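Please read through the structure below; I'll follow up with questions.
As written, the chains take the letters A, B, C and D, and residue 1 is the first residue of each chain.
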Amino acid sequence: MMTFNGHRRRRAAAAVTALAVGSLLAACGSTTSNASGSGSGSSSSSSSVPGITSNTITIGATEPITGKAATAGQGLEAGIKIATQYINAHGGVNGKKINAIILDDGFIQSREIANIRQLVSQDHVYAIVDPAGSQGIAGTWDFMKQAGTPMWGPISPSDPKLPNVYLLVASRTAQQEVAIDYFAKQGLTRIAAIGEDDDLGLSLKDALAQQVPKHPGMKVVANETLPVSTSDVSAAVLAVKNANPQALIISTNNTSVGLILKEMGNLGLHIPAYADQGAANTGGVGAVGPAGSAANGFLGGLQVDLPTSNTQAVQTWRAQAQQYSGPQGLSAFSLQTYMQEMAFVEVLKRMGSDYSWSNFQKTANGLASNPITLGALPPIACGPLPDGHTCGNQSEIAKFDATTQTWSVIQGFTAPQS
Amino acid sequence: MLQYIINGLQSGSWYSLLAVSIVIVMKASDVPNFAVANMGLVGAFLAYSFVSAHLPFGVAVVLGLLGAALFGVIIDRAVIQRLGDKGHFPLLLMTIGISLSLAAALELIWGTNSLSLNAPWSNKTVHLAGQIINWDGIVTIATGLVIAIAITWFFHTTAGVRMRAVAENRSAARLVGVRISRVSGLAWGIGTAVAALAMILQTESSVLSYTAGDALLVPAFVAATAAGFTSPVGAYVAGLVIGVLENLTGGYISTALQSVVALVVVVLILLLRPSGFTRTALARREV
Amino acid sequence: MPPHDLLPDGNRRGRRWAKLASLIVLITLLAVVPPAMNSYDQYLITLTLVYAITTLGLNVLIGWTGQLSLAHAGVFGLGAYLSTILIQHGWGFVPSLLVAGLGSAIVGGLVVFPALRFSGFTLAVASLAFASVIVQLFDNGGSVTGGGGGLAVPVFQFSGLSQTMSTYYVTLISTVLCFVVAHRMRHLRFGRVAFSIRDTEIAAVVSGIRVVRYKVFVFAFAAFLGAIGGALYAQLETFIFPVMFSTNTLVLMLVMLFLGGASSLYGPIFGAIFAVVMVELLQSFGSYQDLLYGLLLMLVIGVLPGGMASLPERLRTSHLLGRAVRGVASRFGRGRQDEATAASPVPPTATGSSLVDDPGDGVESGVA
Amino acid sequence: MAESPAKGTGDVGGSIAWDDVSVAFGSNQVLDGVSLSFSSGFNGLIGPNGAGKTTCFNVASGFVAPSSGQVRLNGTDVRGLSAVKRSRAGLARTFQTPRLVLEMTVLENVLVGTERQHRAGHVREVLSFPRARREARELADMSMDLLRRFGLEGAAGQRAGSLSLGSQKLVEVARALATQSTVLLLDEPAAGLSASDTSAMVDGLHQLVEGTSLCVVIVEHDLQLIMSLCSSVAVLDFGRIISQGTPEMILQDKAVVDAYLGAGFATGD
């Protein structure tokens, strides 16, 4: 059951009408109509848990369905919709159907923050499931903590170590650490890095600082930072080339990854290059598409199995996803949110009939002793804080073949070396 | 060092061409065209579509440029001239509005995925003095130079002289029988085609997406400003200077600072030498 | 005392009272109603007020004084970062707000140096570069600014109120104070001087107005308002990072300013309401929302150059709705003055004006 | 009711003088060794188009730097003073095309000229201190009085943009008078004015200047106005002063008649 938020439009229309009156009082007009619009919603359930009725469970997410990250956002949206459809078609959770409200944030950080507020305090969702947009999401930690609403499986921020936030898959930093370990195993010691000047670059800096010292003889020979949304990567790649490295780790948006690969090809710099799942867009065309033949041999991280994999879990998903009419249904992003929502439903099932916040916490924190294994994702084994809310930090590494345009896994789910 | 300079001249040529486009439009219709990059992208996307329809690259580019020029004329007729002499602010804001609408329209038509606009020389390199040089760099730098010369020559033809007359004094130009609307249309047509060339060259060497213009706009405007918004040659040189400064900064200081250092240097030059890189600038600005 | 009060007009005093009364009702409603709303609506109203304060600063600079300075998004960010860093070092929120405002006023005032040398677009581009330098400072500020990764904002809270409501009340008080001061300034000597500098700088000079001094003050004051807005914005968003203060934010501010009505006192309020409501309204349009936003912007510039603040005057002078609106307007006691000024189009500005009237002299030169 | 604005400036007569002033723009010699001096009362500066009259004003106001020579304002050399400082030293002027803020009221435009008279600061004004209020009222009264002299009191509350060009010129003269300067330069105040506006201007100026020490210099093509109003007239031609003296002397001067007036004027046409 999908609903698009009806009274958002109504409220906005009311506000615009008030505005058209043209007096200063318009400001007041819009605020009072807001109050009446939302009041009815909040009064419905005073004692019970928000988002839970006798026959529905409402969850919410904000995704970049339009804008610069639309490809990813549409895939993430598709996974949630496919999972919801599947669950509801199979009787729902303990007899309740899932109602998923998905808002578009256009990859604008302040919109993500506003959307989360709307979902929690106006739409009264039970939990935020699989939201994307790492920097904007970080802006909601404080609010979410105060509201006491669970946030399940946000897409790749670092662990805020908050009681209500559960990270299901390996963070960017963890994926990059796995890659550093992989290079060490291959005997490559001269590592270069190119990061973007935001949280992406920051995660790479963390990974280098933590993991490189663990491998004797390994050192970082070049560490370049690209301005956000630049289209000119040549100076950075040239600086990397001049440092004569044996491997490169990239943490930028996937257009820049593509440009870097292309520039490496132009300059004849043929060394293994790695980017995490978000940046390599494993299973999509974002980075490897523009790079063309230069993407051959490119290594990508995987938080979730390849969408082309033939495991039972992925096949089940693929059968559902092929029915899905929207865009990006068969992408890796779709598989990821599908699996994460399945895991969330598994937690709900284990909670029985008590949907209280304390029972959610207890059940989720107890997963360490009885992990959820769905296939496609590494086992989800949450535990108590401080470290238990990174529920699975294993990742795979896949290699791209430019002639067949396919990825193949070269190292299965592995955790960073401790 | 040489490699950084060549890369700098390449990205500098993109800025230069956009700056030249800004100057042309500014001269004839007194509008700071903040939509220049996205209007240029229209030409680049058209060229992409023609290439996808299996037209030869050269033909596709020419058609793309013609399409862009036509689009520029339409924007001038449909929007800019209607605003008339309402002053700089509304026109500036109008070009921002055009830019926003265009970005959205391009996203709707061609999607959000990055596309590849491949020229015959894409991904080909040549060894020169021990350096590996990309063909697209050579083509971009050469094209920029040719356009700069062509535009300078153009301003000495009859049409160009008319355009300069309009720039000097609109009412006087009208008195001596210059049809300002025609001159304005011509400038928007040529200006948009030059911008399209810049965006074709830029997206050919990187990727084509509806956000490709964002990173070029500020350097291009700084270059146009450095030329006092009047001199195409000044704008061309300033664009190259910014590009080279960026790459040298990126190579020898920090890639994180490369965009800002170039800006600061140009602004400092402006502060110390308000006439910018050209002499005529002073006279024009203080009118 | 506003000069128009000196004019003989029997109705004026009555109108002023009506105006004051409706203002008090409005502020009371704004103080009383939001606690009953959900936190999302509280957030939206607070955001509207934050935008209004910030855009007011831009209005003083561009709309009133005609200085096309585009450093405002940077200054907005400066307020956000300064106050956040001060709070992290143990300062109270309100002192940090004021110090952030004053500190940014000093930094923002630096833009006056290019402004004294350049006018029009050269100033625009120079100030834009200045803003990007500020944002680069956030980016490269190491642990102080958190670099590109951003900074978590320690949110202040009145006891007994939620965080959002605490921020809301501080924002409401700031908004009222800023607009009351701006209202006084607009209708007194400062407003006359600012408009003179904007429209006829040379006439201002020969009237003995110390233009340089005023410009320094205007840049600093605009930066102060922008920074207050930024500091409140940081409290509202609870997490700040450099990209939040990029040119996209500047474009939003310009849109709010011109759609609301540049040079009109209340334009920024209309612009802010518009910006917040518009995003809400266009949510469901998916990919078409940016297109609609851009086209709407173009439409408004084309047909309503005075912005929304000029709408009542437009309607009043138009034949169809004229009578009805006139009735409503007189009942609510909106003074003639505001609409008269608001109705006039956006200032024609920029490149300094020609001094020499006698074409025979053949000289054109700017004010030194 | 406030007193006539010029009376507050003391008994020292206003005066302005150009000493051997030359101005060249490129190869174009606009002023060539101009020496002129005017004192209290009405003075005229006439000459054909392009003779350099406005440039004389621009040099005096500090907008154009002379290549040689100096300007003395009330006996003091003002070289090196900025335009604002010259204005604050007692020099006011108008422009050929009126430069008003069209969206402000007529009264507000005149009040712009009172900038120098403000004693209370902006902060006190914003906080509505009694002294600031009193001052604002006094200055508004004085400005209203000026408008009344030009027959514009009824238009005080109107937007300046709604006025005719002629009325706008009157407002600009009122604004210049509101500065309470000692020297007033009027650049073609009557050009484009209707007969009734012109007489309003002349009457107003008469009322306000008679009995004061104000020095008014008028550039004007309306010779009837110049000759009837001014006690001293100078004639500029091709950047040089070709004659200076009383109106009667000027009318007799053969060089002036040849260069500018034409034969018909001297015969009383």
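Note that in this section contacts are C-beta pairs under 8 Å (C-beta built on N, C-alpha and C of every residue); 3 or more make two chains touch, one makes a residue touch a chain.
Keep in mind it's a predicted model, so treat the numbers as computed, not measured.
Give me the step distance from chain B to chain D, shortest route via touching chains only.
The fewest steps needed to get from chain B to chain D is 2.
With chain centres defined as mean CA positions, report which chain is farthest from chain A.
In terms of C-alpha centroids, the chain at the greatest distance from chain A is D.
What chain sits nearest the middle when you go by CA atom centres?
Taking the mean of C-alpha atoms per chain, the most central one is C.
Comparing the two chain pairs, does B-C have more C-beta contacts than A-B, or is it the other way round?
Looking at contacts between chains, B-C has the larger number.
Quick one: chain A and chain D, Cα centre-to-centre, how many Å?
Each chain reduced to its C-alpha mean, chain A and chain D end up 72 Å apart.
From the mean C-alpha coordinate of chain A to that of chain C, what's the distance rounded to whole Å?
One centre to the other, that is 37 Å.
So, what's the distance in Å between the C-alpha centres of chain C and chain B?
Computed value for the inter-centroid distance: 32 Å.
Any chance you could list the residues of chain C touching two or more other chains?
Answer for chain C, listing residues that touch two or more other chains: 139, 287, 289-290, 365.
In chain D, what residues contact two or more other chains?
Nothing qualifies.
Can you list the residues of chain B that touch 2 or more other chains?
107, 256, 259
If you go through all the chains, which pairs of them touch?
Applying the touch rule to all chain pairs gives A-B, A-C, B-C, C-D.
Can you name the residues of chain B that touch chain A in the complex?
Spelled out, the residues of chain B in touch with chain A are 3-4, 7, 10-11, 107, 112-116, 118, 123, 125, 132, 134, 202, 206-207, 209, 211-212, 214-216, 246-247, 249-251, 254-256, 258-259.
Under the definition above, what is the set of chain A residues touching chain C in their complex?
It is residues 4-5, 8-9, 11-13, 15-16, 19, 21-28, 30-32, 34-35, 38-39, 41-42, 65-66, 70, 103-104, 106, 108-111, 113-114, 117-118, 120-122, 135, 138-143, 146-147, 196-199, 201-202, 228 of chain A that touch chain C.
Under the definition above, what is the set of chain C residues touching chain D in their complex?
Per the touch definition, chain C meets chain D at residues 1, 3-4, 6-7, 9, 181, 184-185, 188-190, 192-193, 195-196, 198-200, 202-212, 263, 337, 340-341, 344, 353, 355-358, 360-363, 365, 367-368.
If you look only at chain C, which of its residues touch chain A in the complex?
Contact set of chain C toward chain A: 22-23, 26, 29-30, 33-34, 36-41, 43-45, 47-48, 139, 147-150, 152-153, 155, 162-163, 237-244, 248, 266, 269-270, 273-274, 277, 279-281, 283-284, 286-287, 289-290, 308, 311-312, 315, 325, 328-329, 332, 334.
Chain B touches which residues of chain C in the complex?
The touching residues are 62, 68, 113-114, 117-122, 124-126, 128-130, 132-133, 136, 139-140, 247, 251, 254-255, 258, 262, 287-291, 293-295, 297-298, 301-302, 305, 345-352, 354, 364-366.
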